[in-house]
Amino acid sequence: MHTALKARRQEQATSESADKLLSRLMERCLKVRQTTEQLAAPLSSEDQLLQSMPDASPTKWHLAHTTWFFETFILTPHLVEYQCFHPDFRQLFNSYYNAVGERPLRSNRGLMSRPPLEQIRDYRRHVDEALLRLLERGGADPVMQLIELGLNHEQQHQELIVTDIKHAFWTQPLKPAYIEDAAPEAIPASPLRWLPFSGGIYPVGHEGKNFAFDNEGPRHEVLLQPFEISSRLVTSREYLAFMEDGGYQRPELWLSDGWETVQTNQWNAPLYWIKEESGDPGWQIFTASGVRPINGDAPVCHLSYYEADTYARWAGAHLPTELQWETACGTEQPADSDSAFLEDRGFHPLPARPGDGLKQMFGDCWEWTASPYVGYPGFRPSAGALGEYNGKFMCNQIVLRGGSCATPRSHIRATYRNFFPPQMRWQFAGIRLAR
Amino acid sequence: MHTALKARRQEQATSESADKLLSRLMERCLKVRQTTEQLAAPLSSEDQLLQSMPDASPTKWHLAHTTWFFETFILTPHLVEYQCFHPDFRQLFNSYYNAVGERPLRSNRGLMSRPPLEQIRDYRRHVDEALLRLLERGGADPVMQLIELGLNHEQQHQELIVTDIKHAFWTQPLKPAYIEDAAPEAIPASPLRWLPFSGGIYPVGHEGKNFAFDNEGPRHEVLLQPFEISSRLVTSREYLAFMEDGGYQRPELWLSDGWETVQTNQWNAPLYWIKEESGDPGWQIFTASGVRPINGDAPVCHLSYYEADTYARWAGAHLPTELQWETACGTEQPADSDSAFLEDRGFHPLPARPGDGLKQMFGDCWEWTASPYVGYPGFRPSAGALGEYNGKFMCNQIVLRGGSCATPRSHIRATYRNFFPPQMRWQFAGIRLAR
Amino acid sequence: MHTALKARRQEQATSESADKLLSRLMERCLKVRQTTEQLAAPLSSEDQLLQSMPDASPTKWHLAHTTWFFETFILTPHLVEYQCFHPDFRQLFNSYYNAVGERPLRSNRGLMSRPPLEQIRDYRRHVDEALLRLLERGGADPVMQLIELGLNHEQQHQELIVTDIKHAFWTQPLKPAYIEDAAPEAIPASPLRWLPFSGGIYPVGHEGKNFAFDNEGPRHEVLLQPFEISSRLVTSREYLAFMEDGGYQRPELWLSDGWETVQTNQWNAPLYWIKEESGDPGWQIFTASGVRPINGDAPVCHLSYYEADTYARWAGAHLPTELQWETACGTEQPADSDSAFLEDRGFHPLPARPGDGLKQMFGDCWEWTASPYVGYPGFRPSAGALGEYNGKFMCNQIVLRGGSCATPRSHIRATYRNFFPPQMRWQFAGIRLAR
Amino acid sequence: MHTALKARRQEQATSESADKLLSRLMERCLKVRQTTEQLAAPLSSEDQLLQSMPDASPTKWHLAHTTWFFETFILTPHLVEYQCFHPDFRQLFNSYYNAVGERPLRSNRGLMSRPPLEQIRDYRRHVDEALLRLLERGGADPVMQLIELGLNHEQQHQELIVTDIKHAFWTQPLKPAYIEDAAPEAIPASPLRWLPFSGGIYPVGHEGKNFAFDNEGPRHEVLLQPFEISSRLVTSREYLAFMEDGGYQRPELWLSDGWETVQTNQWNAPLYWIKEESGDPGWQIFTASGVRPINGDAPVCHLSYYEADTYARWAGAHLPTELQWETACGTEQPADSDSAFLEDRGFHPLPARPGDGLKQMFGDCWEWTASPYVGYPGFRPSAGALGEYNGKFMCNQIVLRGGSCATPRSHIRATYRNFFPPQMRWQFAGIRLAR
């Protein structure tokens, strides 16, 4: 085949594949946007206004802010004929982008009964239509990458919708359920095994054409010493043994800040655990489907970093660093995981399934690592307002890895770096051990 | 006419008049309950959930709590066959009655999306029906008095619905309007005159068969020295002169606590006043019908006690004591007043109408007095839980008199004692002077 | 005797008596200033720097501020040749006079190691000498009145030295003693009797040439209803009965603010009471001479208004109004009292002595009244900076009457109005009942 | 030489060298203890009681606590006949060792006028004598290592004495000086150069027999990428350029937590900088010898991590990681440094001296690194109470390296890891850049 023909065929192939990519992106776009609305569907307009603490946001706000993200960073600059839905919304639904300007106080999001939920739904439709127009038209790679970013951003907020409404329902006297009980099958947790990794130089961080956040790169090499990692997450039964051994009463097990936090908040169990009042010394747990008995085989979750770190110390181990975690994870894929994800709509972690190798690396519970959240060597935030997405939070936060039962399966990956302040407990965060 | 006949006739007369009283009470009951719902009507279910500060409550909560009051204090003890609407509600909608038991934290009322508004409406219907059944049956005088108390209680919450939603809307970025602008006629304020009262012994406080709260009695005599009282409320124009004279910058004019409050909160104008940003040094004001220019002839309102007291000092006068106010009020009746009341649905004070005598004693604005709120000599709170209604607040509060544009005309009277902590500004509270 | 002679004699007499008055004032001046220093004498320079809460001040500050008062309000304006001791002191030791200018934060008084104590002592000597010079020279009546005010001001701070160092020592792990134990004689408290007063018009408030604070006048008439007042203060034994009856656990006994204060601070006894840890359910008490067992016959003290008011309610009585108290007090004089005063240097209240009539009206413990602190009818604060002395505190405070074991006997009188916020407990404040 | 003789000689040699070591330790012990007292010497007993914020402690407390450390961890367990100076002191001067038991609230250290300073001096003498007795007796190696730890502990508190009294004097209205002005020679800062380091595997952390804290090990290898580091600290002149470029007003330069801290505290300059009030737009600085003009050539210090990080970003660089810093430092020794140390008694950083290579790596200012404070791989805290020394603070703190003008020269070394929360400014902390 002579060269001209070859070049043309290649061109066609590229073009075809570009079309295919575009149609995949469009499909994904529709699906992500619909998923958000499905998450809101069981909630009344009153429910969707709840903000039970400054760190959480109302469902309605999530619906609007994810839409604002597309409007502000994609449609307004890149779709020429785009008409803003409402001039005030640029301020109203800005989360934390100083470069975009003023915004309402974060802690006041629950006070915005106006604009009403119905208008937010119109806002979503308005932006969805414009997005599809932009996608149909195809367009420059950077714009498509921005759309991919917007979808990943929206998936992060899907998880927050779940965790925030769980907290909001928890603060209510009636302890309502978000979904009907899925009655998960009872499986005994597989026994905990230790998987060894030899020391040496390993590559970590993201590279390549697939989407990743700026904080996942640059890919670089690190020198690790030999370590072992546990095959599954710590279970509620194991955590109960720690509690019964006086775990919450022994300062020597705790970081100084952690002990102060325990004392100040009078913690004596994970968040959402309820001591039964009757003679029975049992515990119940508040879940997305209401209050039910603790399942000792399921992973313990809704822990702070302090509790995870202390449990590990008590157990004669420690938390893995994020580099150990990523190295251990290797080429595992969320797609192959048998853990719970957002798509399963149970919103509660499952016991580890039987089987060899590492279980629960993705899904079920975020895993607190021993690593404070800092930039990788050579890290540079994206330019412009979007540079505020990740980089400016690199202080007083701890990295979590692997996603949870509230994370979309298509959102998580081995290099993914989540982060929260060490005292936070309302995320589905649990414990994997290393030593 | 011989005695037996006379007695029977008298019996009939009493009975007739009892019937009449009963039917009047039934009518009033229907009207009061409907008025509350009319006040909620312009608000969405989202609006009705807003709680913008711990001192304010959501509309939905007011709807439920006023109903709870009838259920708890009247239906449950006095209607034999009464079935509670929902067993949890006894705790959920208790405001502050320790004798009734536990209750949700006051500051968390805005977090109760459940029970939903629709259920609260059912609750109201359920209780309304039972109330009518009780009223139809007639019954002992004390029960009828309790119903009268319940209606007065509900009227107090009608005023709070108005003031609380105004505050909630104020904290929103979009500053929505509660009602459409009534476009009140422009009337120049009548000139301020001083009306003299001679010293001597005067009776104050309530007595007789008509309804009054326990804190309005016992009626007793007080010895007053001669005083003068101003014919109308202080206007916005007069208050502006005080502001322009550095009123908010001169510590010598303020009580020590007041000056600290001004500094801490950086007050430089009444609540709801907005400095226009343009070159024009004018002020605007947020009202129930949105933001509009200040009307210099209308009474200044939404002041703290500190501001009222300081203005009076600046003006070379002082606030009247509640005893002076009541003495000056004499036998005036709200029914004869040409001021604004709740029923007028403007929710904003009007300029004083021309005419002799004291104007605006009822309606328009509550009037801060110089009197801390204490019990009258011989005061005893009612027995039981209802004793918590008024008596336990007799500390660190100041008496206000006369009602406002958000007070039902049928609710206020000369002996009525309202009370708020001195720093509070979200009520329609203004200034009358004495000297 | 013809008129000219008569006039001259009268002149001489006046002059002699003026001399006598002057020499009495000079003597009193020396004595008051020395007493302050005697109160500081048992304290090290470290002790004298302690400020254990914002409401209390270091002894050193009291030494300086009382001196500053003479310098600022008397010497600087009225002694022509007076040289300020140090130019910075005008700001450094201003307490709350806005008219005098800026001043250090009240809560930072304990951080002023400089100027050192030795320099404050020099400051006192410097001002004492100038004061004597001014007094020797005689002078206008208003200046002599200002000196009298300065001496009364200093006496108020003598009491604060005692109460503030008691609190500072209390917050120390070693619980040191301020004075050696005086081992007061054990006297059984006299039985509590009720003394009746008939209703009618009574004069209250100060008038005449003797010194009084501006807030004690104008003298005026009030109309009182009949009342009874208890013959002595409530004892510790009686208060213990209230505690054992669940007084601190029963919300129905408390004002709403009081109950919140009890809950927030977890009060379950008066300030300075210590539960013995051993099996014995007894209480000890921290006094100026260290920790010792409770004396059941001595008056209970270091109570808040809330506790005093609640005890009275529990006992089926109430607190007297300040007008009832003053009327009951009549013409009694502190000079005739057998109670403890500052001069006795025991700094602890004594059991009521046997005898008829009202006991303990002066000394032993301040008595919380039922009266919020407001100006009497026609009250006008003094002109200028000294107008800030009393008037600006007329809000959220309660009147106390009669003085305590830390009040100088020569300082108190029947019309004297002390005032503190209702939650304060570090003054020697106890309970007298009325009904 | 036959073996027995050889062995004996070796024994003698060891013994001699042991004697020598012992006498060096004794000499060092005397010197360290004396230095602490010399630092307290310019301060009155009042000064020594000051605690201007919870993070700082009174000089008197430092004097006592360092002594307590020897008594608690060395004398009581290791000197058989040792008599405790005072039984209460074990609790009174415990800083944060939960394993030792209860202790006074940290924020109340400034309220302990008792025990008096004189008694603390006796306490020091008592413990010094016992320490010398223990040293004279020689003894097991572990005990000698504990004494070395105690001396290093005391040296850390020497630095705190300097920084804490500086802060305490700063909060005083009179801004007193701690020492007389040393009038440092004026030297122009040497120009800033960049020194390159190639990537590769480097060893970091402490090993060997010399003293080091547990957190400096284990020694381990790390893989670094190539980097450059600046030859000296950032000067006040350079920092002023950042300020004049709006550094404190531009959120895009700041970490999110940093920007919030700047807003909350209204920071617009380093701690201890004073804006001259006159027309001159100059700045002054409060130092150990009082207020004086800024020296533009001297290093900027008293910065938070947030300010250091932001300055680096503004300058197009970043802060070095602690591993980069230690690698760059290489085998440099504090003994060879021409920077200011505690021993120089100037307590203020000096301009960088001329010369090649890295300047100011030791002394002058602590250098904020980019590294959150975590344990090195394989880190295990010491056993028992002393395990609380360092390990439990490994959260929400940032590593600083190199010591300051308040650090004893004999105390610092290349592997030394200091740590403070990112918002802290009262230490002498400045900026070195990397890129």
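We call the chains A, B, C and D, going by the order they appear; numbering starts again at 1 in every chain.
As a working rule, a residue touches a chain if its C-beta (ideal position, glycine included) is under 8 Å from a C-beta of that chain, and two chains touch if they have at least 3 such contacts.
Just so you know, these numbers come straight off a predicted model, no measurement behind them.
Enquirer: What's the minimum number of touch steps needed to get from subunit A to subunit D?
Expert: 1
Enquirer: On the document's contact criterion, could you list the chains that touch subunit C and likewise touch subunit D?
Expert: none
Enquirer: Distance from the CA centroid of subunit A to that of subunit C, rounded to the nearest Å?
Expert: Those two chain centres are 62 Å apart.
Enquirer: Mind checking the centre-to-centre distance between subunit B and subunit C? Centres are C-alpha means, answer in whole Å.
Expert: Roughly 40 Å separates the two chain centres.
Enquirer: Could you tell me the distance, in whole angstrom, between the mean C-alpha positions of subunit A and subunit B?
Expert: Here subunit A and subunit B have centroids separated by 49 Å.
Enquirer: Answer with line, ring, star, complete or other to describe the graph linking chains that touch.
Expert: ring
Enquirer: Can you list every touching chain pair?
Expert: Final set of chain pairs in contact is A-B, A-D, B-C, C-D.
Enquirer: Which of the residues in subunit A end up touching subunit B in this complex?
Expert: Interface residues on subunit A, with respect to subunit B: 44-47, 49-50, 52, 88, 91-92, 104, 108, 110-117, 168, 171-174, 176.
Enquirer: Touching residues of subunit D toward subunit A in the complex: what are they?
Expert: 96, 98-99, 201, 220-223, 225, 251-252, 254-259, 305-306, 370-372, 374, 377-378, 387-388, 392-396, 422
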